[in-house]
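The first chain written gets the first letter, and so on, giving A, B, C and D; residue counts start at 1 in each chain.
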């Protein structure tokens, strides 16, 4: 018998990705699947790529339906996980793919999300210094946002080594699945194909305080982040370009060494060979973050580019990676570094 | 009889776009079309969207073939325009879509292009202060690069008004047509679809010194530019995100006012209404640059996003706009602000 | 003063395309723009690519708002044009981009559209034998559906010349704009990018009886049509593959001659040179249908492939082409055969 | 120690897909990787999504380099497998992803491929009646072409049950990876994005005789196939629409029953629930063929639509499925029915 896992929000993109990974995981058994307005319908109508689950009926997202599982993955709209989690057993591992328990600062939470602060759970980014230990044996996990996953992995080595100024500019392109399955005109295929568009510009995107929290934590001082997200004509993937002024004496070699050291032994984060730059296609469906760094001497800046699959390493894969740690399983179990390409 | 125009490099994307616009221009008559390795073949094999020209035979790109025209548009690989232009009459208007005559600094040219510096021609960006006057009556025009067009239009108002520090970060996404019709593996459809990729990172892209030249000229002091280009899965379009620290006292209103003032009366550059952010689809096939600006108070930065069609305003449309000025025609003749969308 | 045109349904894709073309037409003046649920909002929020109309406020779609124009273009959901048109003056030219007045057979209409049959108007496909004459001076025009436009243009020459059996198979790929701006999950960018999907299979697509009507009319006998539409990951374009068994004695030359003859002098329909096959990109934004025909001797079939832009020749361009004829203007006025490519 | 597998042609799309699957297969060990002009370079330069193999050096494609393996997968240009296979041991399992050994009719081979006929190997489509048995213990396997895989799976049940006439029309859309990594202008991203194009029309596509061979074999009589391939703007996937006239008495139920029966127990082929039609995204990266069938009574035709991933079930996955059978492993080992979506 495997570890029994329920997924709340199984009809959405995040829930579907958690299930895609669980279905290939040797230790998990897929239990109850729940949904909001799609409760009562068949999974096959929403996630036809998950053939094995096509005949499953979606239950209502209630504590009762989610009871009796070893692990509950929550893939719900922001603000829904808090109240629900209170009614799930303390011995059950609850992995929240939403934002509810990511931010330590209640004022930041309220400013960016507009609802009462639910609290903070262990943050599911094992690559952050000390974080693997924090996740071992945890019964609650806050899965990072997709953009913060990419940006934090791209920049923490530079801050850890003290190589850059605490004033960061990030511009990231995301596939449309990052916006979920919401029926909004600007997400229609006709609108997004053949077009790159900016949104959430000027420091208003909800993932900004999460990046600031992560990078300030590593830097040991407040870091400012200018973050501009853009929507690219692809379903999956994030490519984030991150830059900060380098401190005196920093060279291309210093930078490269710091990244090599930080990522050494990391199963899911890799520094590309010199001269090769990340493309999101390298990571499609894989739990991988691929990074490259350059030193622009003329501009006095480190430029770090990272590619991830926003749904895999950025959501469902990251969730399972942290769940593995919490459950005492090998961190890499059921996860792949092999992308689907071309 | 119209103004007789030849196009050298008519089988490529830039040449094709010049011809698409000339074909709808009331004053131009399309004369000789030339090509390199495609000389002797029919236009219809290369540019089937230009139905009217399908039966034209491509001539060799030689001064003799290009003689006898009022205007010659050059859409050639970098380094080819210089030697050719020397053998075209001084009274002929020569409009170079290549880079050969864009950079004033010979050392920059040699560092980034690796061939002897050909010189400098009047720079075909009429929106730059004083540039309309410089183009009136010109017989030589250097059409700006596509990225420099976007970035210069996005940032010159802030520098003109002295609102930002001379240290700029630009991250831009471009459609693949910006790379031309070169047969390179990373430009294959299988590689680019579903993927955003970085390239030319760390200050090495050839358009960087051109941006520095333009912005420093407006700022009246040296401007550093950290420029990162990315390739997006679309044929056309550039979306550039440009940011710089704001000077003390600058507010969202100051910024918006400066942009409103700078673009006032500009036929092809527009500031979007507050709350609306540029998407490249808004400009497809149009000679338009659409801009939005925000002030990120927390990060202390102005963020300016601009969308253009890299082939239209970024190449062929910009070329015709400047040619109109040089020939004493109305600047807007034969050019549209209406994009093809969705 | 130009011919004053109103557009009902100006916030949708069909209405937007009519306006894109009217904006570049030398004889039309754009009057009132109306919408349904978007009434009261600015055009710029819906059609940001139509810069010149960005500040126009959308009115309600009522006879009163549409009064006082020379031409009214209707781009409304099926079933809405009938009641509205009754309340528009008989001297006003009403061009319906919807389906309400396309089908002569009331039973077909009711079976496929499920509402009372509104009647039949002159059919806006000037290329059909005799149809130019029927449209001259008309005050009511039914614009053909996008698929029927493509398929009829592809097959009428073969039927006119009696070269094929009256049993046709058509499989067509369409861009997503053909489905309009409806907020449906399967039209989200995340769903359509990277995927081709079938829909409306088995003879149930609403455009099927319209194809049968057109082809039977030319053939002079009942034609059966097996029509399968598919949705392709692009915003615009239809590529239809049409095949029928050839009659005894028909050869590749017979076929090619028939098509050459039928299209001779047609401004907007072209037979490609032998060996070149249509791609939708050749027609993007153009009012062109490009056709190629082959004879598969082994299978005993003519295979005809046609490409159009579903919004241009398939909707807005076709509408203006017929309106030109009805108003006594040159048929080609304001329309282009030049596509936007790549 | 696992089963040692070499891959010849490891730098191409087919070879890369074989390796993607082998890397996740519990019984295979990846041995020598070879290439043509890329010999001597690193795998990471060609297949950066296969992180585990990034540091492998590509060897020359010679019998010597391929010696010493239990299985050799050939992913070579057509015509290359024959001579090479002769020099590989008879006890080694050779799986040819090319066309060399697919066609029994030497005249067909020569007509369509233009080189000497190499012979015929057991055909790697286990779903064909009797074919599982033929593959058990085989030491040579001819992997079917991607289009024939899709079309044969879509139509064999109808022929097996005698429900349709032996005159088939197929129109299929394929992603660009089906054309391989060849540097051809029409495969450039700028050309394929936003466009569907026909090619190989009129019975000239090389996969046509393979379809005829397969379907005639099941039908027990000669079947004619009119096959039109189109190129769609996506990297992966084939959606094939297949239609044939139904025989008297056939109903929607007869058809559905025949397909239910034929696919019953098939691990990798599935009939979708009524009302749901295949999309290629449902199969991305999965070894699945998803099928739906309708009866168009008016047109008297069965319409069958099938979706596969051309690289997985259509190439690399199909190759491993057949290799599993040949080696006496469970047929499903290392293969997934779960697609990557959205």
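One rule holds for everything that comes next: contacts are C-beta pairs under 8 Å (C-beta built on N, C-alpha and C of every residue); 3 or more make two chains touch, one makes a residue touch a chain.
The chain lineup, named per UniProt: A, B, C, D = N-acetyl-gamma-glutamyl-phosphate reductase.
Every value quoted in this text rests on a predicted model; they were computed, and no experiment measured them.
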Notebook entry, point to check: What are the chains that chain A and chain D both touch?
Noted result: B, C
Check: Between A-D, A-B or A-C, which repeats the contact pattern of C-D in over half of its pairs?
Finding: A-B
Item checked: Whole-Å gap separating chain B and chain C, where each centre is the average of the chain's CA atoms -> 35
Item checked: Inter-centroid spacing, chain D versus chain B (mean Cα positions, whole Å) -> 44
Checklist line | Multi-chain contact residues (two or more partners), chain D | finding: 13, 177, 188, 190-191, 193-194, 233-236, 279, 281, 284, 342
Item checked: Of all residues in chain D, those that touch chain A in their complex -> 13, 16, 20, 23-24, 42, 44-45, 47-52, 54, 177, 193-194, 235-236, 270, 272-273, 276, 279, 281-286, 288, 290, 336-342
Check: Okay, in this complex, where on chain A does chain C touch?
Finding: 13, 175-177, 179, 181, 183-185, 187-194, 233-235
Notebook entry, point to check: Which of the residues in chain D end up touching chain C in this complex?
Noted result: 167, 169, 171, 173, 188, 190-191, 193-199, 201-203, 224-226, 228, 230, 232-237, 239, 241, 243, 277-281, 284, 292, 294-301, 303, 305, 307, 342
